[in-house]
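Shared between the two complexes below is chain A, which pairs with chain B and chain C, respectively.
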Partner chain A sequence: MPEVNQSTIIQTRDLHKCYWVGSMPYPALNGIDLEIHKGEFVVLAGRSGSGKSTLLNIVGGLESADRGEARILGEDILKMGNSQRTGFRLANIGFVFQAYNLIRVLSARENVAYVCQLQGKSKQESLEIANHWLHEVEIGHLGYRRPDQLSGGQQQRVAVARALATEPKIILADEPTANLDSTTGRHLIELMQRLNQSLGTTFLISSHDPDVKQAASRLIKLSDGFIVNSWDEETKPPVSLAVTCPIRNRPFGERLRHFFKPRRKTDQQTKPGTSRHS
Partner chain B sequence: MVSRLGILTYVALAVRNLIRNRRRTTITLLTMMFGIATLTLLSALNDGWLSQMKTNFILSFTGHLQIHAKGFEASQNLRDKIDDPDAISRYMDTYPEIIGWTQRIRTSGLASVSGNSTGVQIMATDPEQETWVTSMDQNVKTGVWLRPGMNKDLLLGKTVAQNLGAKLSDRVILMTQRPSGEMISEVYYLRGIIETGAPQIDRTLALISLDGAQQWLQMQQAVTDIVIRADHHDQTDTLYRLFVQQLSEQVYEIMPWQELDPMVRQWLEFSDAYGLIILFVVILLVLTEILNTMLISLHERQKELGVMIAIGTQPHRIFLMLLFEAVLLIFVGAVLGYLIALLVVMLLADSGIDLTDYANAFEFFYMDPVIHPQLTRDSALKILLATLVAALLAGIYPAWKATRLSVSQALRIQ
Partner chain C sequence: MADAKSQLNLHLARVALRNLLGHPRRTLLTSGAIALGLAALIFLWGFNEGLHRNMLGNFQNSIIGALQIHRQGFFQHPDLSLTITNPQRISETLQKHGVTRYSQRLDTFGLAASDHTTQGVMLIGMDPLNEPKVTELGRRIGIGRFLHPDDSYTLILGATTANNLKVQLGDEVVMIGYDRYGAMIAESFTLVGIITSGEMGLDSGMAITSLATLQEMVDLQGQVTTFVINVDEQTLPGLVSSLNVDLAGQQLEVMPWHTMFPVMKEWVTLHNGFLYLFLGIVLFIVLAGELNTLLLSMLDRTREFGVLMAIGTSRRQIALLIVVEAVTIGIIGILLGTLLGYLIILLTGLIGIDLSILLGSTSRFYVDPLIYPQLKLDHLGITASAILMASILSGIYPAWRASLLQPVEAIRNG
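On to the complex of A and B.
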């Protein structure tokens, strides 16, 4: 087991992830080594397709990796079963999504109370906690409204309250301001910063919003599945598809298609004396 | 960590999800209601006419149970007779399930009127006792029923009378054999013509009084049949068991109505099977509709379900929630459909559905031209059970599919 600093809350080693679109491999993460400490307000920056959301999903146990390890609070989340991972998320991780993703049939306070009830708290206690957190995110008066009766900014505040209601050690936020106007986005970031400072909750946020980047206590820049803080984008090492996208990780249907694919000999192979690499 | 989200929370979630998609829920509910109402009505019609058929069959001639001397039903020979019917008749008052019984003599013979002759089934019965067992007295369309003490009265089936060209008061000569084998004939007077609606009876029946027949056939007190009518069809089996216990199998044969006419029994069994096929087809249609709705609903809610799993809902709870939704949808639709059918059955129970124009072909199956739908407890339970099974089947697959959801892919859905 690699050495884990007492304050290290998220640690990834050699994390690889490749997506297959048909027979085309798209490497999303190319050996990510990352350490995030307790109480940090870390922002993952990078263009679309740089691997921010994939990294966040893997750290949050929503997705598996092809290779490497992801230790959250000292436990390798990639080695957990589905049910164990769900329980681990509930106990330790809060999520804030780009599209708010509230449960549409529940009111704001019911959305927040839902996760508390999942944790085993009574309905009454859960609703009290929900009211508290809705006040914390400054929308206490909107608790009875359903998501479709709230603005985008208000919905995202409910999502933040929901993420905090279980008192998680980590909050993962995927582009939390992307669907908000700049003023609302700034208010949300200020709110998250304030909560980070007052509660000591670790925030890992993926974003390309300059306001969010500015608020970060540490900025990690991703490009094409690499962390590029230490080198320029032009000098980053080449991607080895054999390492990042091994054939065994292809979807089963693709592997079958690959297996049965007719292999035609090329002209170069049929012409005697012709080098294949010429 | 034990979740406090009880069943009620998931029921509430299921209800809210159903209400949220009003149009889809309404269309599915209407389909369900229509399916279950149709199924219940078909079942009620089936039960109604089957019950009428049974009653008509039993009341027209057969009774619920018959006791014969051993071997009589096969031989139809007067030598296979019950010599001491009173030894059996004493049981009749002890069983409250019996509401009527009579003694009969049955034998084949020949009827002649003015040079016309035809083969007949001569049946001799006690004119009063017979009215407690069958409705033959009510089927006298012309003339009168057998009069007690009038030993020369004769009633003929409608077709027999037509074949013989016999009219009321005509002299009819009946010819048959005594148990000894001696051929005998006697003159009777036609007092009535019976039309039971069952062609095999109407074209063979020659009905005379039991007292006169016993003298004519020199059988003393002997009879060939003891015919029993139960208070209800369902009591036939009970009575059968009671008589089997009391009477020697070596001396008597005890036959319930189903055995007396295998064709009717087969027809009833076929009708039951037909009812089951209808039940199966309708349930299959309903199941397909619900399955379709649930799969569309699952497709539309992939993201939401993905979010629920992402924030900590265990997949088995998602499974339960979706299953609740399917069961709830089907349950509400089934109850409403059943109530509609119940209302229609209540409206039609007295007047019935008149199929006079179509019923002639089925006459020999003792079918009434007016069908009175009838909802029975057994059918209701069968429909309820089948609906529940359909609900579970329709709910299980989408619910299971939801538990296999890729959370990261679901979250990417725009």
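On to the complex of A and C.
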């Protein structure tokens, strides 16, 4: 078992994840070793397809890895069952998504109160908590509005309030400013920074927004599924695609197609002397 | 904790209801389809019930009554040796059970003879005072009149028999038969009434005279062969059981109408069977329609389910959301359908449905031209419950599918 620092809140070891895009294997993470400490405001930076979202999803228990270890608050989230992960997420992790993803039929405060009710709190208590957090994110006066009556920035603030309402240890935010204009995005990041400092909640944010990168207490650069020190650093390809990209990750239809596809014999497999021209 | 859990379930139910309200057109279309199916079924059940009640009522009121009492074996082999020798005891028993609508008869076979021809008939002696309390035979006499208490040797024939004999009102008809000792007898009767019901059983092969006349003719004063009783369908089974107990050991047979004429009961059962088949078809349509709506709704909200799972909603709770939606759509449909069906029954029950346009003469089936639909609560209960079950079933598959979603896949592809 690897040594865990008391303040280490997220730790990954040799994390691998590969997707199949049609019949092509696509390695998203290639052995990520990562350690994030309590209260950090960490930004995962990198181009599209560098593995930021995949890493966030695995750390958040939304997705499994092919190989490696992901210890969150000392527990290996990859070894948990589905319902255990759901409970773990509810208790310890808050999510902020790029597309806000609020429940469209609930008001802002009901959206925030929803997660508190999932935790078993009473309706009244949940609504009080929701009001508190909506005030914290400076939209307390908009609590009765439904998502479609709020601007993008306001919706994202509701999403932040929802993420904070269960008082999680970690908040994972996947491109939280990508759908916002630069001013609104800057305000949102300032808000998240302020909450990080006042509450001590650890933030792990994936983004390629320069403002977000600038706000980071630590910037982790990802390129082709590797952590790099600088963008100029050359990344090495995975040792073997067959090892890093298990067939079980392949979509079922693709697996069937692959199974029934007629295999051609390669030149090396053809026995010498069987060729007409030999 | 249990309180918080029930509050959470309530909250999830509220989210499900908000989802339905958020898509009013979809919700109303699906509920409306269920409502129309249910209303159609309610109307069919009501029409069926009205038709059956009318038919059975007419059948019983025409001549057989709801219940008859004879000497053991008389119904199978009507013979004057099988008479009820002490009808007073049966009258007392019936009065003890509060039965007031009953009449006594003497039935035998005879030969009706006119100047032209003869025809075999069932000769029935009826009590002119009590018979109208039991049957509506008097109303089916199209020519002439029913028997009077002071009539003597008067006769009523069915229209077909009268035609065959070529007799008219006031003509003389000779009835030939056997008395209690087996000796041949012949008496002259005056024709006072002709039954023109249109029902084959009544219009042919039957001759009716007064009970006293026939008793005198066959020398069976004070004796009868049949008690005909008129009670409603609800009272009938209880009365049959009570009479069987009270009249036990007296060599009597207590026969409700469906024992005497089982084919009528079987016809009603068969007819109801067709309706159950129709119910099955409607249920299938409801199931398919609601399943389609819920699957579409599920596809539409795949991302939302993914997010709900990501923020801590369990798979069971996601499934619960969908099942609550399915049940709510079903309940709305059932309420609307019941209301609509009930209004249709109420309206058609007031004005009636004229079958003569479709069937021409309906009297041969013991059916009046106007049918008044009636709603029976147990039919409504069965139909509504079946539709509710179909709604729950139609929610289970989408709920199961939604509960299998992977949060990331759902958010990415939703």
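In this text, the second predicted complex is superposed on the first by the 239 of 278 C-alpha atoms of A that agree within 3 Å, B and C clash if a C-alpha of one lies under 4 Å from a C-alpha of the other, contacts with A are read in each partner's own complex, and residues count from 1 in each chain.
In this section, contacts are C-beta pairs under 8 Å (C-beta built on N, C-alpha and C of every residue); 3 or more make two chains touch, one makes a residue touch a chain.
A quick note: this is a predicted structure, and the numbers were derived from the prediction, not measured.
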Checklist entry - Overlaying the two complexes on chain A, which is it for chain B and chain C: clash or fit? => result clash
Item to check | Which of chain B and chain C A:L62 touches, first, second, both or neither | outcome: both
Item to check | Shared chain A surface residues [contacts with chain B and with chain C] | outcome: 57, 60, 62-63, 82-83, 86-87, 89-90, 95, 97, 99, 101, 103-106, 114-115, 117-123, 162, 166
Next on the checklist: With touch defined as at the start, can you tell me which chain C residues reach chain A in the complex?
Outcome noted: 1, 3-5, 7-8, 11, 15, 18-19, 21-22, 303-304, 307-315, 317, 406-408, 411
Item to check | chain A - residues contacting chain B, complex | outcome: 57, 60, 62-63, 82-83, 86-87, 89-91, 95, 97, 99, 101-106, 114-115, 117-123, 126, 162, 166
Next on the checklist: Under the stated contact criterion, what part of chain A meets chain C in this complex?
Outcome noted: 57, 60, 62-63, 82-83, 86-87, 89-90, 94-95, 97, 99, 101, 103-106, 114-115, 117-123, 162, 166
Next on the checklist: Under the stated contact criterion, what part of chain B meets chain A in this complex?
Outcome noted: 1-5, 9, 13, 16-17, 19-20, 303-304, 307-315, 407-408, 411, 414
